[in-house]
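Next come two complexes built around chain A: one with chain B, the other with chain C.
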Partner chain A sequence: MRPLSQVNNPYKDDKNIDACALFGMINIEGTRFPFKDPLKAISNMRERGNGLGAGFAVYGIYPDHKELYAFHVMYLNRQAKRRVEKSLEEEFRVVLSEELPTKEAKVSNPPLTWRYFVEPNTSKVNEEKITEDDYVMKNVMRINVSERGKALIFSSGKNMGVFKGVGYPEDIAEYFCLEEYEGYMWICHSRYPTNTPGWWGGAHPFSLLDWTVAHNGELSSYGANRRFLEAYGYKCTMQTDTEVLTYAFDLLVRKHKIPLELVPKILTPPFWDEIDQMQQKQKQLLTALRQTYSGLLMNGPFSLIVARQGQMIGLPDRMKLRPLTAGMGGSFLYLSSEEAAIRVVQPTLDKVWNLTGGEIVVGMVKAPAFVRLQLATMR
Partner chain B sequence: METPTETLKELSRLKIEEGAIGVNALEMRSYELNALIRDLVKKGFKGLNLYNVYGQRYIGAGLSGDITFKVYGTPGNDLGIFMNGPNMYVYGNVGDGCGNTMNDGLIAVYGHAGDIVGYSMRGGKIFIRDDVGYRAGIHMKGYRTAPTLVIGGCAGDFIGEYMAGGIILLLGLDESRRHETRFIGTGMHGGVIYVRGKITHLGKGAKMMDIDENDLRVICELVKQFCDLFNFNSSKIIKQEFTKIVPVSHRPYGRLYT
Partner chain C sequence: MKTYLPPEYIVKRDVKLCNKCKVCIQQCTYGVHYYDEKEDCMLSRDENCVNCQRCVFFCPKHAIIIRKNLVSYRKNHHWTSEVITAVKKQAETGRAILTGMGCDKPNLTYWDKLLLNASQVTNPSIDPLREPIEIRTYLGKKSKQVELALTGEVVLKTELTPQLCLEIPVMFAAISYGAVNLNVQEALARAAVECGTYFNCGEGGLHPNLYRYGDHLIVQVASGRFGVHPEYLNIGAAIEIKIGQGAKPGIGGHLPGEKVGKEIAEMRMIPVGTDALSPAPHHDIYSIEDLKQLVYALKEATGYAKPVAVKIAAVHNTAAIASGIARSGADIIVIDGVLGATGAAPKVIRDNVGIPIEFALASVDERLRNEGIRNEVSIVASGSIRSSADVVKAIALGADAVYIGTAALVAMGCTVCQRCYTGKCPWGIATTDPEISKRLNPEEASRRLINLLNAWGIEIKEMLGGMGINSIESLRGNREQLRGIGLSESELRILNIKPAGR
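This part shows the complex of A and B:
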């Protein structure tokens, strides 16, 4: 075979202008599995990324420390590390601190990456009369804002961990020695940055507490979303639109206790003319939601995979301007930008479908096979 | 340059079959597979059977002539892009952009398709046995021939968006589900969309019309071809009522600059 470059690729361009790749798989029995399949799937969509960002969120990864918050932190220099560690010692009991295992790989300018297993300082939590989660969130936000990019806590949940950086997925997996870990759920992302720079902290998934978000597309409503969330104490520090989604899920589900099935009615609500045609009660509910959370309406082309302990959620935008496919096979629920990436790890699927705009798909550990909720459009 | 190792690697993927050459596409990158396909076509092969296709893009891109592809697996985006004559049978589901700017030939998919199937199609025929995603037939256009898109299942919203020519036939054969597609023919200014059964939501720029004799003849012919491909009963399909959707105007902005 003649190399393509001499035939019809005179510019030696072996990539295509395209969007990001998303992939997630969850074992609903809660059985942990290694990185082989998730990596194979996300690598199968190589054309969707350009090597300027990739990442993995792994759930069920630290069973020996599952009661402790696991912080993964990036440092650009030693001074930042000293500052953050001093702060952690003051606000938390640091049970274990170690450098994240890494090895040689095709990545550029990796920062120092450390991991800390911590528990909040109980007397301070009680003093402030807030929950442990809120205490952790507050401190993560404070450190990330004050460090201005010199240090970044990019993973802060219990029994889960995010690994991400600048490179292709296989390079990032190699760099962070992912062969050493197992999880019952893997969320993967390969990035093609458009509006914001490709830097280590800007790679997906984005994470806060045990929430992670991997995202393809853009949020044209970012400004409005950000203002709304800042009023609730969230600080946007990562130079990209995706983080508002993480905070939106945290606010709605963890803090405001909105049932998951109502979340898409806030983020990707039905159009007003559809609401007008609904039954009185439904109309009231949806009107109230749209009015209360108008600042969380997510506009623009996007598809998302959101995860937290025991749950994997898929959601495309209302106009379906980015792809998202769901598949079920054996004990697994898969979400992917392309069906082929699911098939490459599970050729025979019990069910496979392309999501409709605003359709939420939720996979839960120990739940009946999966829960499919078609709500946002409510046809 | 061609090296002996590359030739051997290529040979191990190939197998002469009856009237065709088989290609094992396992773990090939898109450009490798397409370069190999072009090479084989150049050497005169008229039948290509592609096995273990997992997401490779642009299969059949820009190829002309009397070639028959059989694709086994799940091909990636832009299958048959710019294709100009070959017949392509896909035994599996296809990704987004199937038949993008296709000029002539046939694509038959024994499964479902992703978004924007038949995007900017200029000629030829696409038959999808099951559902299609959003914006099927977006910006289809007809010049000397009418491009044709036939869908056996249901379609996502915005079918026939900005359509400028050609024919879309939406059959909705799964009786358990109604057509839920909204914004049908938004911004269309040419071509025609036929929908089997009732529809609920038209897009701006489109209007409904009654079927006439000529329409029925076109529909019957396409349904027959669909049934021959996928083994359905055509008389049962034809029995139900069809709705015809056409543009309100062929030049909606004609007076904008006058």
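This part shows the complex of A and C:
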């Protein structure tokens, strides 16, 4: 048996089964703000977590190095660190490497955590004729797969960073000294897993390049989604359903250039009966999307907060089986598992509503208004 | 030569109940029952009985029971009475033993060793009576990626390839005119229309009466090319190239000249009274690139408006063969497992050649995904599907849809007596005799088929809902929903599923 400290899913369940608290807030002016409000909100939903995992993704965190990919890496031992660093030196130009600042907190068995600011080896990128993002993704996946949990690159985007581990949100925030950072968008997660992962890498949010996914739910379609994505070159190694959501967004939006507002038409599409009744053009479009990406239909109860540079997206499942509330107040858009968590940081909101099944909410920095699209409605 | 073959079945008649109404004589097409005027009693020629149960069902007094004739050869696990009978039969005839329907040997049904999942606590199950659950399925090539023009309005640039739309992922497998009569095909056609699925006319051509069901028809092009003409190709919704069949992989077909009457001759486009020979291979396909030519020849002939399917028997290298087919331009691959049925096949082939569909399906799906071409084709699993549970398990293993043949015939009355090749089916199914064919009323038979598919549809939705899935595409290839029971490590590995309890 593998040591529990190295794996996300020690009992090799099909996937991780958990319930969670989600919270995200974005300042649409792009103004950076500290961790106080997001932490207060996520901590307010203590019932939804059980201290076995929490995490934060912060955007706009590294303005001084915003052109460089920021890797956050956890190591279980010095050998793993040497191996990964050797690999990084070969594939990247490492501009800065340092230990992530940490301090005493109520957490158990923290791994070594380091951060690297890197840029891809240009000649290798050109040689392989792929984009820089694809190059970074390929190498991150390669390292994560080959290290088998001994090392994990858990954050790999530009000007953003993920901090996560085993503990309650306030403990993780304290451990990683989050008071030192500011960002214009914070995505927070607190977990209630049904197994007992001792591995810090298993905490949420999951991140790849600048995509972050925080997820409350369980995908009944996980097996179908995983097999579909594997045919597109993604390697699902974490035995958790959140991973496939991350890759689905990456495939659709970054690689296949599907506009964000159409993504729910794939992940949580309208029913065929509804598509049948649409006008010819829209019917063809939705039919093409649903047929082509049938393996990405996400089934089961979930609510999602997906983020990337400048954007925060909220999406509940087709039938709205898990909660997700949106709120607008001042220059902020909030997404949360519970309205109370939004009210605790912003008692007066201009607008607050519960998302319906398949409804997407997108908050964008410097967007003229929040975009709200009614996409798939239940009968 | 005196026969050393004992009768297989014994007819037991309760003479107290029998009122000598002679219904059994009328119903039996094998001449088992007869009336002895001298003795004024009903008697049986047991050696003719095939145990089709027709007389049993139609005896108004319930006076008849058919028993297996348990010949008391010395007990022997190797030399079973079936084996001894076969050797004696061949010693007397000098011929291959013919049989009908699918292989009846034990230990080849893996569906029963697969168990399904359901949600508890962490995931709410869905009640199909309250929430919509979708089982519509599209068969055909899907593009790898949707391309959109994004200047202003979103415009679809990807061209949609022709698809079959199935309201239930169950189609009627190829059953040809000649093997069955027109009433049977008519019943299948009407049920396909009513249920929003498809029937397959097989390789015997298409009777003009069935042209009106063209939108729900898959026409077949087999090695004999019987009845293939431009109108035939264009009348159906899809074309299926039949390379092989699970009941007799590697074997052709032979409809004897005596059976080629005027109507069959017209439909097959051959002279009356000549043998209709389907060669073992297609003589224009000796390699994979030849298949590609035929696929495109058929597409040219139909203006690229219809999906082309290729049907193969499940054999040892099915995964590699399927990969080749996926690259040949075909839109659908049909895999027919070792338990697939037939109207007539040499028994030794039926029972010994090919592999179970479960393994073939799992390995084909796996291979196509590994090669990144699973989206290029749809997979239809065929041979051995008996229930909605088999359908759900097949889809979880990676099929898009299934074909049913035997199950459809059983719905119409077939009792799987395995004597289809005699052409005397007392149930009016596997016969073209005009008188016996009248026993099958297409209206009533189609109602039975519609009921069957509707019932399966309800059960499929119940099972999906239990798993917390409200759309069938989330089940496709979702092997996490399956567990194996009583399977070896290597069987589990090939099926790529976990054992129950893990």
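General observations
The rule is simple: the second predicted complex is superposed on the first by the 354 of 379 C-alpha atoms of A that agree within 3 Å, B and C clash if a C-alpha of one lies under 4 Å from a C-alpha of the other, contacts with A are read in each partner's own complex, and residues count from 1 in each chain.
Criterion: a contact is a pair of C-beta atoms (placed from the backbone, for glycine too) under 8 Å apart; a residue touches a chain by one contact, two chains touch by 3 or more.
Since we're looking at a predicted model, the values are computed, not measured.
Of the two partner chains placed around the shared chain by superposition, chain B is the only one that A:320 touches, whereas chain C remains out of contact. Once the two complexes are laid over each other on the shared chain, residue contacts for A:220 go to chain C alone; chain B is not touched. When the two complexes are overlaid on their common chain A, residue A:259 makes contact with chain C while staying clear of chain B. Comparing chain C and chain B on the residues of chain A they touch gives the larger count to C. Contacts of A:46 after superposition on the shared chain: chain B is touched, whereas chain C is not. In the overlay built on the shared chain, the residue A:146 is in contact with neither chain B nor chain C. Within the superposed three-chain model, A:288 lies in touch with chain C and out of touch with chain B [touch as defined at top]. By the document's definition of touching, of the two partners only chain B reaches A:340; chain C does not. By the touch criterion defined above, A:357 reaches chain B but does not reach chain C.
Common to the chain B and chain C interfaces on chain A are residues 14, 319, 379.
Interface residues of chain A, counted against chain B in their complex, comprise 1-4, 7, 9, 14, 16, 44-47, 319-320, 323, 325, 338-341, 343-344, 352-354, 356-357, 379.
Residues 119, 122-124, 126, 131-132, 134, 136, 138, 142-146, 148, 150, 154-156, 158, 160, 163, 368-370, 372-375, 396, 467-471, 473-481, 498, 502 of chain C are the ones touching chain A in the complex. On the side of chain A, the complex with chain C involves touching residues 12, 14-15, 17-19, 194, 218, 220-225, 227-228, 230-233, 256-259, 262, 271-273, 281, 284-285, 287-289, 291-295, 297-301, 318-319, 321, 378-379.
For chain B in complex with chain A, the residues that touch the partner chain are 1-2, 6-7, 10, 29-32, 34-36, 38-39, 53-55, 57, 73-77, 93, 95-96, 112, 114-115, 131, 133-134, 156-157, 180.
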